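Here subunit A shows up in two complexes: once beside subunit B, once beside subunit C.
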Partner chain A sequence: MKNIKSLLIISIISIITLISVTSLFASNIGRHVYGLISEMYNGAHFDNFTQEDAMSLDTWSGQGMATFKDSDQNTPNIIEGNNCKTIVINRTSGWEVFVFRPAYGSASNTAPKEMNLYYGGSVKFLARSSFTSVLTAKVGVQLNTSGTGHKVKTLSQLGFVADGNWHEISIPLDSSFGISSSDDLGAVIGLFTFQPMTLITGHSIDIDNVRWVKPGMGTFNATLKNISDNGNAAKITWDAQTVFKQRWKAADQYVELDLDMDTSTNWSLKIYTNNGAADKKGLVDTSSGTSVLPMCWRIVKRKMPYDYYDWGGTRQQATFNIGEDLYEENGEIKGRLYDAGVANPEPTYNTWFYFLDYSDKNNFTTDEQDYVTCWKLKGFHSAAGPDNYWGMYDGADDTVTTEGRYPKIYFGADFEKAADLTYSAQIRLELTYE
Partner chain B sequence: MNKIKLFSSLLITFFMLTASFIYADSVFEFGAEVVFPSFWEATIEHNPPVNFVSSVNRILNVKSSVDFGGYISASAQLLYYFDNDETSVNTVDKGSVSHRAKFYTATPKFQSSYEKISYQIKVTLKKRNAPDDYYAYWPSSDTFHTALITNSTTSYITATDGGTVVFESGNQEYEYTKLVIPANSLSADTNITVTHSEIDSGADGQDMISKYVIEADISGTEITPANPISATFYYGTETNTTKFELMYRESPAGEWKKVNITQTDNANKTIKADITKFGEYAIFISRNLSDNDYRPAKRIKVKSRLINGAYDGFRFKYLEDGDVVKIYNVNGKKVREITAGDGNGGFVWDGRKDNGDWAESGTYVYQIKLKNKGKVISGTIAFVW
Partner chain C sequence: MKKFLTLLLVLASTILLSSTIFAAPPVTTDFSAEVSFAGLGSVEFDVTLKNVADNSPATKITWDPAGINFGNPGMDNLQWKAANVYAEMTKNITSSQGVVYIYQDNKSTVGNAVYVATAPRVTGGTQSSPEVAYNGLVKGGSNGGQFAYLPVTFKTSTVTVASPDTIMNAPGEYGQRYLTDVSDTGWVKDVYRTVANAEGFSEDVGEYGLYPITGSSSVSTGYMYFSAGFHDVYGGNTFGSNHIIFEVISE
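Coming up: the complex of A and B.
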């Protein structure tokens, strides 16, 4: 009895302690993943931060020995989103350190961040270089202003290979990195620090997808919502009277994606119909099961419709106006779906994708993989083609910081051949990571 | 005690680990559905309904809208209305409105013929190949809507609040005559009646096409000039819209005076004006007459045909009181002066002299002196025996 009583008391204390610990660390920024230089996650974006985070990228370089610059169209093969950062050595002497400060407004206005809940997790990033000189560069975090505040290791120690390919580097936020407890993460002043030590002019390293990750899995959610009021919806539907016998019409719902888990380079989100047969890649009549109304999907970074500027500076729109262009290729009639509401009406940027059925997934061609992959490390699938994956930050018109970055999947169907029947479909969203 | 310590630390660890392990679902499934029934209900709207038809022109022109869809095949949309004796039903057929597997909204207009005593209206959507079967009715399958024949409408208007008086003509294709009385425009609370009157004959060069009488039942009620009534007058089905004149007279015995038109709306066949007097308001079409419009159409008349009544002589048109026509022979001697019309806007020379004798066969010169325009129009005619 005494043991049970003690156990009960201890359990209660544990719960209270847990609650207290959680509230003590409530001011930690980010959720499960906090993206610093990243186009995948909500939170701090690609150096475009929110006032609430009170974060800015302070790239201080003593005596100008190195430059921290943005990628451009000549930067090859960026695998996370469409942007990365590059550190280039300018001179062979000087004292330097790059620090990713939690500074708000200016570098002198430091506001240390509580990052206690990340203890046991890691700071991860992608790095690429073909210069072995970078192997002696040190990366890590800066816990405080003391001399021992920098917790860093060399890239070589962290397993980086300077072979010109991207490599994922992980900085464990635990004792193996000199961080003895969560208390050490109570007032972090440098969330990512980079110290290039070997100075050879012209040598460089690309950095991307820098993020803090808490221990554990994190979450990924997909929620069906009504376009009209953003309330939760039970089904994907259309207004029968409006769409009857019409060509492609968008549904009245969308799926909102909320990514808060760390993703591998092979992470992807795929979408299919799940109607049990390859040819049932749309709405299927429930009586005979033989009549199929083709369906399509589209993923965008914010709620439609919206205006934006493309990289060429042209005003574009993301609209519900689905156009279809049929063309012949090798004697076969093919189709592509595009946004017919854009300023340039030609179907050169095909933003909608025909659905394919899950039962056929083992037979997909390379091209057909395009039709089922809606989001991956590279970004979300803005238009047909292997290069058209874009991150949440597109640089040209990044104005969505106030509404957060929750990509949305919209649906459409071709009702031209609809008859007086009931049609239904199952839509499957599948997360895959290897 | 050590076991308890160990267990409790394990328990704490368990709780902490549980809090940080939120496993994500790897598959999400959503259902999609749309239901297309075989037939959508067909509905007929007739709003606002025709409640009155003007006795002056008796045009019943009904606008109704029909919504129907799905696999529907309708042969006609019909307007039913009773004849004079209220027993036989006539129909106006808008013809086939067949649509298959589509959604359709129609707004047909029906027009009945004139001179009906009363109107009982029903609008139906008739099924094809089923002559006695209908998709929809308005107002219902077994009732009719009454449109009263009327020439006036009365509304009680308070001076403080103002209000609107609408005279329904029965022609829903166009706008109704309407008075908008602002607050504090009238000097008294009163019934205001708008009467659609039969037109008078037109003056020369002007045709009256519509006339309304606006009256207040409180004698002496005045309209504040600084706060006038905004009047919209439906002018009818006139298609010559080159020039309207709005004229006002206090009573049938009074003189017509011009009222400024503030807006002409040919789509709705109305003109608008601000009015400050009760009385008669008439809309005229003013023609732009050329000299030739006044001249006789025929320049040669034969005496024998005048005698047998084949025609009545040389007709000089669009003349009014005060105008003068003088006939001169080739020697310049006046043989006839005509100062009065025939009651039909025309002055006629019947081939006789002022003394009643026949004029000699020959060529004559005429002079038309237009009083209001201050001009003289001349020409030649031939009177042949």
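Coming up: the complex of A and C.
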């Protein structure tokens, strides 16, 4: 009888513990990578959309001697997405600590976050400056309001080099940074802090891709879904009756991407057909294997169709209307695909990409390597044309807060030359990273 | 009590560890794409004769006798001459089973009796098992026979030609095939007899089978030109064929 009672108590305690752990995953906290200032990763929101992930910039200052501002069109060579942050010294006296607080509405509403699962991982960010004065700046995290709760090191101690190039800095979330155990991360009130120390007017530093990262690799998922109901799908398909003998038609499915792994700055996601031959870069008939219907793909930040503002400020809608323009270049007839459903279709702004086949990847030119890349640190491959266009900005009202950062890949095929056959293709996504 | 505490510690650490198991990210992710148009195809084909000179409608394929020398030049020195009339073909073939054949039936008794063949020419084989042929233009009133057939070739194109003699090269060169007859020894409906299918208008047959005219799968109109090899022609002779047949197969 005594033994039975003891066993019962143990079981109850273990169940309670499990529930506590599960509740950490209600927001983006708990993902392998939690983005603070990041266009690539899901994480905090500065728009008060969700209370769970709300973030506010708290300027903790005396006299305020620096400005924390957004990048603009004059900010050169941003390598993560389209935007970064810049801290500029604007006076030579006073002090200032910039603190990213988990707060909804204002910093005064700070709600400490349980970041225990990130113990043993790190807070990482990109930094760039050509001013050696920034080497004395202190960066870190604030664990609590006590005098010893603010854990910092200088950029110099963290290995930053002020050579004008981007460098990845890592703040270890362990004892080497004064964080003795995961318990210390149980109520974090400052997820990232930055304090300039050497005050020289005009000196600045760019900061980008600030994120909390758990130990280990994380995951990357690509999920095939139906456009109609966003339910999981087994194959990419088209309605045969509708598309037979028609020019370019979008498929009834899309792939949703979820990047939750900490990659290097040199990572990329490439997309190909995988049909075993360079010329089989589309749907191949299953009877003779000789007839190929060309295929294409497009990557966007949100579900299509969606509304956005173009560079001229005109309201547009990204559509499934795939246009093809043939043109001559160096005596060769080439094709390019574009969104023919926008108000002013532009055949030279190519938002759809012809597929190339995986079997030929070792023969790709540098341009072709770029061509098959759909996502990388700079952003998704929104279009080709006079230039290659990368980034995470798609011109829409930023409803990313409703959809999260889950880029979508859509597919199309040209059925003009289809015969009454069955056609199939293998599509491959390849993530490479260092 | 000691055992109880130990067990609790083990359970707690197990829960923590299970939340830190990381899945290695896949290097590649594959998807399948598929669509089936089985049963959706169709076959439409039509052919009309037109005069080379002015593209006006014609009722039969004819040759201008001017320039054809009388006599027997020998079978190695045939006088090849293009016809005055060409065939304009229109197609819309979306069925993988769709195919158009061309062939003759010179033994058929339907039509002008002077061109009905009953005697073939021998083209090979043995005395006891000869290979024979009935194809070509039959000398009028001859019923056929060894030297009573003029070979005819055809060539397809997706553009009209003002002077067909310029494109009708000697038989055997790429793009030019003989008209054949259903009664020829070993005759079958095969790629050699194919004029068009879902891949387009057929240009020729070679090592890898049937070669369509490049890009002609989406071209609806094509043209066929004819040439005949004249030999043993004398004043008063006529040559003809009652049946040059385009057969359309849809399944």
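Observations on the model:
Methods note: the second predicted complex is superposed on the first by the 379 of 434 C-alpha atoms of A that agree within 3 Å, B and C clash if a C-alpha of one lies under 4 Å from a C-alpha of the other, contacts with A are read in each partner's own complex, and residues count from 1 in each chain.
What we mean here is this: contacts are C-beta pairs under 8 Å (C-beta built on N, C-alpha and C of every residue); 3 or more make two chains touch, one makes a residue touch a chain.
Given the structure is predicted, the values throughout are model-derived calculations rather than measurements.
Using the contact criterion defined above for the overlaid structures, shared-chain residue A:Thr219 touches subunit B and also reaches subunit C.
Once the two complexes are overlaid on the shared chain, A:Lys417 sits against subunit C while remaining clear of subunit B.
Within the superposed three-chain model, A:Ala251 lies in touch with subunit B and with subunit C [touch as defined at top]. In the overlay built on the shared chain, the residue A:Leu283 is in contact with subunit B and with subunit C.
Shared-chain residue A:Ala240: touches subunit B and subunit C both.
In the overlay built on the shared chain, the residue A:Met261 is in contact with subunit B and with subunit C.
When the two structures are aligned on the shared chain, A:Thr201 is found in touch with neither subunit B nor subunit C. In the superposed model, A:Ser27 lies in contact with neither subunit B nor subunit C.
Within subunit A, the residues touching subunit B in one complex and subunit C in the other are 6, 10, 13-14, 17-18, 21, 32, 214-220, 222, 224, 234-238, 240-241, 243-245, 251, 255, 261, 274, 283, 295, 411, 413, 415, 418-432. If you check the complex, the residues on subunit A that touch subunit B are 3, 6-7, 10-11, 13-15, 17-18, 21-22, 32, 214-222, 224, 234-238, 240-241, 243-245, 251, 255, 261, 274, 283, 295, 411, 413, 415, 418-432. Residues 4, 7-8, 11-12, 15, 19-20, 22-41, 94-97, 198-199, 217-218 of subunit C touch subunit A in their complex. Residues 6, 9-10, 13-14, 17-18, 21, 32, 117, 214-220, 222, 224, 234-238, 240-241, 243-245, 251, 255, 261, 274, 283, 285, 287, 291, 295, 411, 413, 415-432 of subunit A are the ones that touch subunit C when the two sit in their complex. The part of subunit B that touches subunit A in the complex is made up of residues 4, 7-8, 11-12, 15-16, 19-40, 69-71, 101-103.
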